[in-house]
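One structure is given below, encoded as structure tokens.
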Amino acid sequence: MTSPDTARPRATDAAGPAPPQGPAPAAAGRTPSRPRLPWRPSGTDAVQTTASLAALVLMILVFSVLDAQFRTWGNLVAVVDAAAVLAVVTVGLTFVLLLGAIDLSVEGVIGACALTVALLVANSRTGLDLGVLGVVATVALGAAFGLLSGLLSTRLRIPSFLTTLGVYAIGLGVATILFSGERPIVGDPWLSGWASSKFLGFAVASWVAAGAILVGWLIQRYTRVGRYAYAIGGAEDITRLSGVPVARFKTAAFAVAGAFYGLGAVMATSQLGSGVVTAGSGLNFSAIAAAVIGGTLLVGGRGGVLQSMIGVLVLTVLQNGLILAGVSPYAQQAVQGVIVVVAVAAATWPVRHRLGVVK
Amino acid sequence: MTASAAAPVLAVEGLTKRYPGVTALDGMSFEVRPHEVVGLIGENGAGKSTLLKSLVGLVTPDAGTIRVGGEAVRLRGVAHAGSVGIGMVFQEQSLVPNLTVAENILLGAERSAVRAGFYRWRAMKALAQEQLDKIGSRIDPGARTDTLTFAQRQMVEVAKVLTIEERITGEPVVLLDEPTSVLERDEIATLFAQIERLRRRASVVFVSHRLDEVLEVSDRVYVLRNGQVVAEVDPSTVDATDLHHLLIGRESGGSHYHDEKQKECDGAPVRLRVSDLSTAGCDGVSFEIRAGEVLGVAGVQGSGREDVCRALFGAIRSSGGRVTLDDQPFRLGSPRSAVRSGVGYVPSERRTDGIVPPMSVAENLSMAHVGEVCTGPVLQAKRERGLVEHWVRRLGIKTPSPETAIGTLSGGNQQKVVLARWMIDDDLRLLILDHPTRGLDVGAKSDVYALIRDLAAAGCAVLLLSDTLEEMIALSHRVVVMKDGVVVTTVETPKGAKPDPVVILEEMV
Amino acid sequence: MSTDIAPEVTPSAGKAPQPDGSSRVRRELVRFMPLIILAVLLVLLSLRNPDLLTQRSLTTMADSAAPLMVLAVGITVVIMCGGIDLSIGALASFASVLTALWVPSMSGAVVVPVVLVCALAGVVQGWIHVAARVPSFIVTLGGMSLWTGLALAFSGASTVAVTDIAALRWAFTRIGGTVPSALVIALVVVAVLGAVMRFTPFGRWVASVGHAEPAARLAGLPVSAVKIAAFGVSGACAGLAGVLLVARTFSGAPTLGESLLLPAVAAVIVGGTAITGGHGGLFRTVVGALIVVLLRTGLSLIGVDAGFEPIFYGVLIIIAVSVTIDRSKVAVLK
Amino acid sequence: DDGGTSSASGDGGACSPEDVTLIGQVRNQTNPYEAAWLSGGDEFAESVGLEQQHLTYDGDSQRQQEQIRQALAGSGMECAVLNVLPNGDSDTAPIVAAANEAGAYLVTQWNKPADLNPWDGYDRWVSHITYDGEESGYLIAKALFESMGGSGGVIALQGILDTSAAQDRFAGLQRALSEHPEIELLDEQTAGFDRAEALNVTRTLLTAHGEHVGGVWAANDDMALGAMQALEAAGATGVGVVGIDAVPEAIAAIEAGTMTATVSSDGPWQGAIGLAMGYCAATGELDVADVANDDRAFFAEQFLIDQTNAAEFAEPELNLDDVDCANLFTRATGPIG
């Protein structure tokens, strides 16, 4: 049972002055006028997103000045193509973060899905050649893993940090079993084409990613799963009070996320050319970081798919730019860390006093 | 209005709910008849909210029955209660801040605005607009809820609960738990008009600590105490004073506002001098408060008076101004530095800004001046217990024990703990009170008034923002009136020569 | 209608809380659940490998858990404040490199400067988080890269061997032949930190900030200082963990402690501290660390096949948490 | 009780064959090389009527050490044989210390700090086996440069920077570069021995250096394969790629002509030989004291694999004769140094 009395703090920044409200018809006579003041307590996520966008632009400008290679069309294509898998994974993760939950299962799920898709399409190990169907099945498997994370979190009532850590391990186990000592080499030209063929200058995979982002945005904007994710992240108890079956929609959001991880695994597999257990290595942290940098904060209910994509670009541009700028591989990691913090801090600095509680 | 003949739409018999150390409902019985407005009054902690929550399935009673339309039901939750026609506006606000107003109004009941799982935003806004029109509100359904004022959000909640009309075919019952405590006069008028309209289709249960309101709007009033109905009265036969008696079960000794305790402070030294204080919401504000003086600040929402309080306490940034405290320069830094200079602050949003709900009464009480219960850096549990028990006794705080989580206390008792938090400081120089009696029952209010008087009499300067002008005028020595971010006038409100509220109201608008 | 006159002041404090018997039993059960689950897991695993229940095996396990305990206890304070510190693994690695580099000149006393440097690193992160209002996740993510980078730079991107390992013997030996010194060190850290949390206002400040930061700020609590201190504690613990790691690895390396970040956070949660802040405790984390280490090492020793080992780990850790966490203390589980 | 005393109680070789416990420990079973290692160990174990216990630590140094200590806390460890792939140089010393204290027989492979040696009082640490990384880096670089006609630009993908494998192999590349002044090293980056990372890094380097890239030198096959995917995606043809490890996919690519060369490191043999050495010592067929220092820390034989001989290496298989107690050190090509 949740009573509204246990509601956590909310909208503490909303106690300020109001936008104008006309006199109510029923209240005759003494209606005080409500002047609009220059400052309105608008959502702090707009601030965060503007900050990240500013950081991205700043970074692009600096690299463009530093390095002539950076500002070429070819490099733009390279950045976009390099961002594709991370983008798809981050779209999925965004739904979990909107809930205020976290997902650490990404690499495990991708591992299991990478092996699955490699074994389902034409490959060097199984006699199967399912093509598109194999891809669809893989995305469904991703969704099933997400469903598992969601069900465990909501039905056993355990923090998602741990359930997804567990599902990560389970996914890794499944991947290892499917691998069984021999990498399946992808022989399906259509799937390989995602990575190697170009369409309008960009790799097919990048267009797949663009489509995935669009779908993600549509889900976020136009479906219950998306809108309720915001509601749950904004105030889970209140959402439950309104009669929304919270657990069911939380679970659904995890499943949606899992489907995107599955698609990410398919894309990674097409790029790598064979089923690799560690196909997702490093992606989990990068995706969380990208989302948070873009303004999809861990507290839930803030940011969104498009905001997260800003973060994806920040990370990808940074990686690309540092290599092109010739920063020594030994120093890259340190420089990258410092730049992320400095960029976000600098962009937030002018508006820091308008931010509510920052955890 | 007499609806007594009709069979009740909602009836409760012998409802009981126990919490560790308290019996919130103690065999409560009451009923609501068709098209009736039922008033519920009672002290803080009398069990009003618990009763209403058990009527929407949020509290599972230990014993007793709930009948809806004559049939006994076991309510499983808000959605279930809604399906049998019971909806509620909660005492603590319950909107999702990061959603639009339209989504909040229709949350969980989107009906035709969501087709095959897909949102139709246009329909969404139109449906929400219908609800807002019912209460004559001009709030934009597309606005994000966290950009609204507290009062506007309250109106959205009312609009939201009215969706119940569309959802059921029978006669709904709408439960309003203190809907007016943060509304202003015009908004209250709108709400009452709405209740009048609503009763044509529904029955209403109305909870408020403002007895005149209850008398104005109700057909019947139940008086609750200690989880039981102690009286049922006909509003046409009683006045607010009678209710007051019934409620606190005793003669109110002296005046409600303890006027007799107001002390002159004309000769006292100036405690706080504010010159040209500016923030985002106020501009060039100057005033002073003497030791022992209660200074009220009047103004409508948006007048900037809350900014003044918050800036003085260091809770928001000020862009300019000089402040002295006892003639020493006083830096507007952080709440921490303000507290260290002997300033205290009672915020208006108690639940989020005033208390740490899961922590104990003792911890909440000693929070700001934990040094009082420490030797060096070491906490002295015994000393703390003694101190807390002293203040619990002195202020009559109703709590099962000092270790009880403060979040489970009634609002009035929570507020007393927050006041005690500052009173334990012997050197308290200035106390800023932002709506200190919001949500308190008449008895608790009276207690708080007495405390404010005592503090002032002991030499503490008090800056007061109040729910009602009457209250402010009664408590203050002077009232500063603010409008559009600047001070427009100062009105003297000395003992024995209190001005009519209209005088101040005219300056405010 | 009753008209009894209530006294002006109601001394209701006399009414002591009377939780009914069954709920008290349940509360105590929840409190000791982490310990119970540890025992159950131990017994279950030892059914497959009886060697696990020998005294030698148990002390080895406790010994293995010591660095993780120290790390996890530090981050518990940050988590109770409502934040997160992702840099602890990297900071422990950095500490290991510093330790290895400084042992030749400082011998065993090296622990002091290393812990101080790491505490300072934590304080800097905390300060940036507080002053610039950058989410702790981002600050410490940046810190993670930076400390790793610095460790790479200081070590010349390689392992720094400690030739005079006797200087650190105190951190990896058996007292009286049985009790692991590292475990004693970890428990002393827990005891000291626990005492500070319990007997000074720091503990309740941390809880207040974690539960309701706006209220804590408006009550004049030193919110920023508390948060910065929490990161300082976390950094110091990472530093100490780094020293412990060097003592058992005989060398420092730029990625030595990296892999301990997630197990440390898992230990905190398994112990029952709320990841959302406010509610938690250090002793719970100690038990959590033991559970995590038992699962990390125990499973490989009962001879489950590759592939199935991570699956068992995942399933068991979820089951463990589902019984150890105290759901009544958290309104909403994220 | 400083290290090494307890082993004095067992005088080497007193174990009866059925009391021997065989333990093989690698990072994980998720790449073909290490999977082959463990199956080689299994094959050997079966040949002596025992079973190999698999330990995997997921590239996590702490976990590796915890596992070893915990395993050695069991009973009967005087007759245990451990064939271990230490995660990094730094992990070898504690593993050696733990094994020595428990009196277990130990063989380590790949990683070891230069100044830690089995003959310095560790009578149960039978041997350390590794491949000359400098040599392998050099061999593949030569093969690459020759395939490029001796001139042009190359990019280098380094392994995990703080491993000696990565550093030695890179040193080999540099030696080859100094012999080929016409070859220009355009850029060097780390891709952490990881296939996906190599893909992304190569993609960026290709935009930076475009047409100038004539070859990719990678410190292992996984990175080489990732680089090949990036080249394919960029439509770059005729760029030579070399790696190390001789994983099946690389061999297949060499046979198909899309990859230039790799260096063998016979996984199944590595998995078996370590167990064999320990087993022979435990059962008394090998007296560790008699083994020459040159055999107690040695470079194992390695072969350059290019299109001419790729077919021979397509299916790495264990030849039990190679791990007979009599042939334990036949692949030693010389002391480490």
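Every chain is named by a letter (A, B, C and D) in the order it is written, and numbering of its residues begins at 1.
Criterion: contacts are C-beta pairs under 8 Å (C-beta built on N, C-alpha and C of every residue); 3 or more make two chains touch, one makes a residue touch a chain.
The structure displayed is predicted, hence computed values, not measured ones.
Chemist: Show me the overlap between the contact partners of chain A and those of chain B.
Modeler: Both-contact set = C.
Chemist: What chains touch chain B and also chain D?
Modeler: Under the touch definition, chain B and chain D have A, C as mutual neighbours.
Chemist: From chain B, which chain is the farthest off, judged by mean CA positions?
Modeler: Max centre-to-centre separation from chain B belongs to D.
Chemist: Looking only at C-beta pairs in contact, point me to the busier pair out of B-C and A-C.
Modeler: A-C
Chemist: Just curious, how far off is chain C from chain B if you go by their C-alpha centres, in Å?
Modeler: Result: the chain centres lie 41 Å from each other.
Chemist: Could you give the separation in Å between the centres of chain A and chain C, each centre being the mean of its C-alpha atoms?
Modeler: Distance between chain centres: 28 Å.
Chemist: Distance from the CA centroid of chain A to that of chain D, rounded to the nearest Å?
Modeler: 37
Chemist: Among the residues of chain B, pick out those that touch two or more other chains and give their numbers.
Modeler: 352-353, 357 - these are the residues of chain B that touch more than one other chain.
Chemist: Among the residues of chain D, which are close enough to touch at least two other chains?
Modeler: 28-29, 161
Chemist: Hunt down the residues of chain C that sit against at least two other chains at once, touch-wise.
Modeler: Touching at least two other chains: 152, 157, 212, 214-215, 306-307, 309.
Chemist: Tell me, which pairs of chains are in touch?
Modeler: Between chains, contact exists in these pairs: A-B, A-C, A-D, B-C, C-D.
Chemist: Mind pulling up the chain A residues that touch chain C in the complex?
Modeler: Its residues touching chain C are 2, 6-9, 12, 99-102, 104, 108, 152-153, 156-163, 165-170, 172-174, 176-177, 236-237, 285, 288-289, 292-293, 297-298, 300, 330-338, 340-341, 344-345, 348-349, 352, 355-359.
Chemist: With touch defined as at the start, can you tell me which chain D residues reach chain A in the complex?
Modeler: 28-32, 35-36, 39, 158, 161, 187-190, 194-197, 199-201, 203-208, 210, 225-226, 228-229, 232-233, 235, 248-249, 252
Chemist: What residues of chain B sit close enough to touch chain C in their complex?
Modeler: Per the touch definition, chain B meets chain C at residues 20-21, 223, 225, 230-231, 246, 248-251, 253, 313, 315, 334-336, 338-340, 345, 347, 352-359, 363, 367-368, 370, 374, 377-379, 389, 392-404, 421.
Chemist: Can you name the residues of chain C that touch chain A in the complex?
Modeler: For this pair, the touching residues of chain C are 82-84, 128-129, 132-139, 141-146, 148-150, 152-153, 157, 212-215, 262, 265-266, 269-270, 274-277, 306-315, 317-318, 321-322, 325, 327, 331-334.
Chemist: Give every residue of chain C touching chain B within the complex, in rising order.
Modeler: 1-6, 8-13, 15-19, 23, 199-201, 204, 207-208, 211-212, 214-224, 278-279, 329
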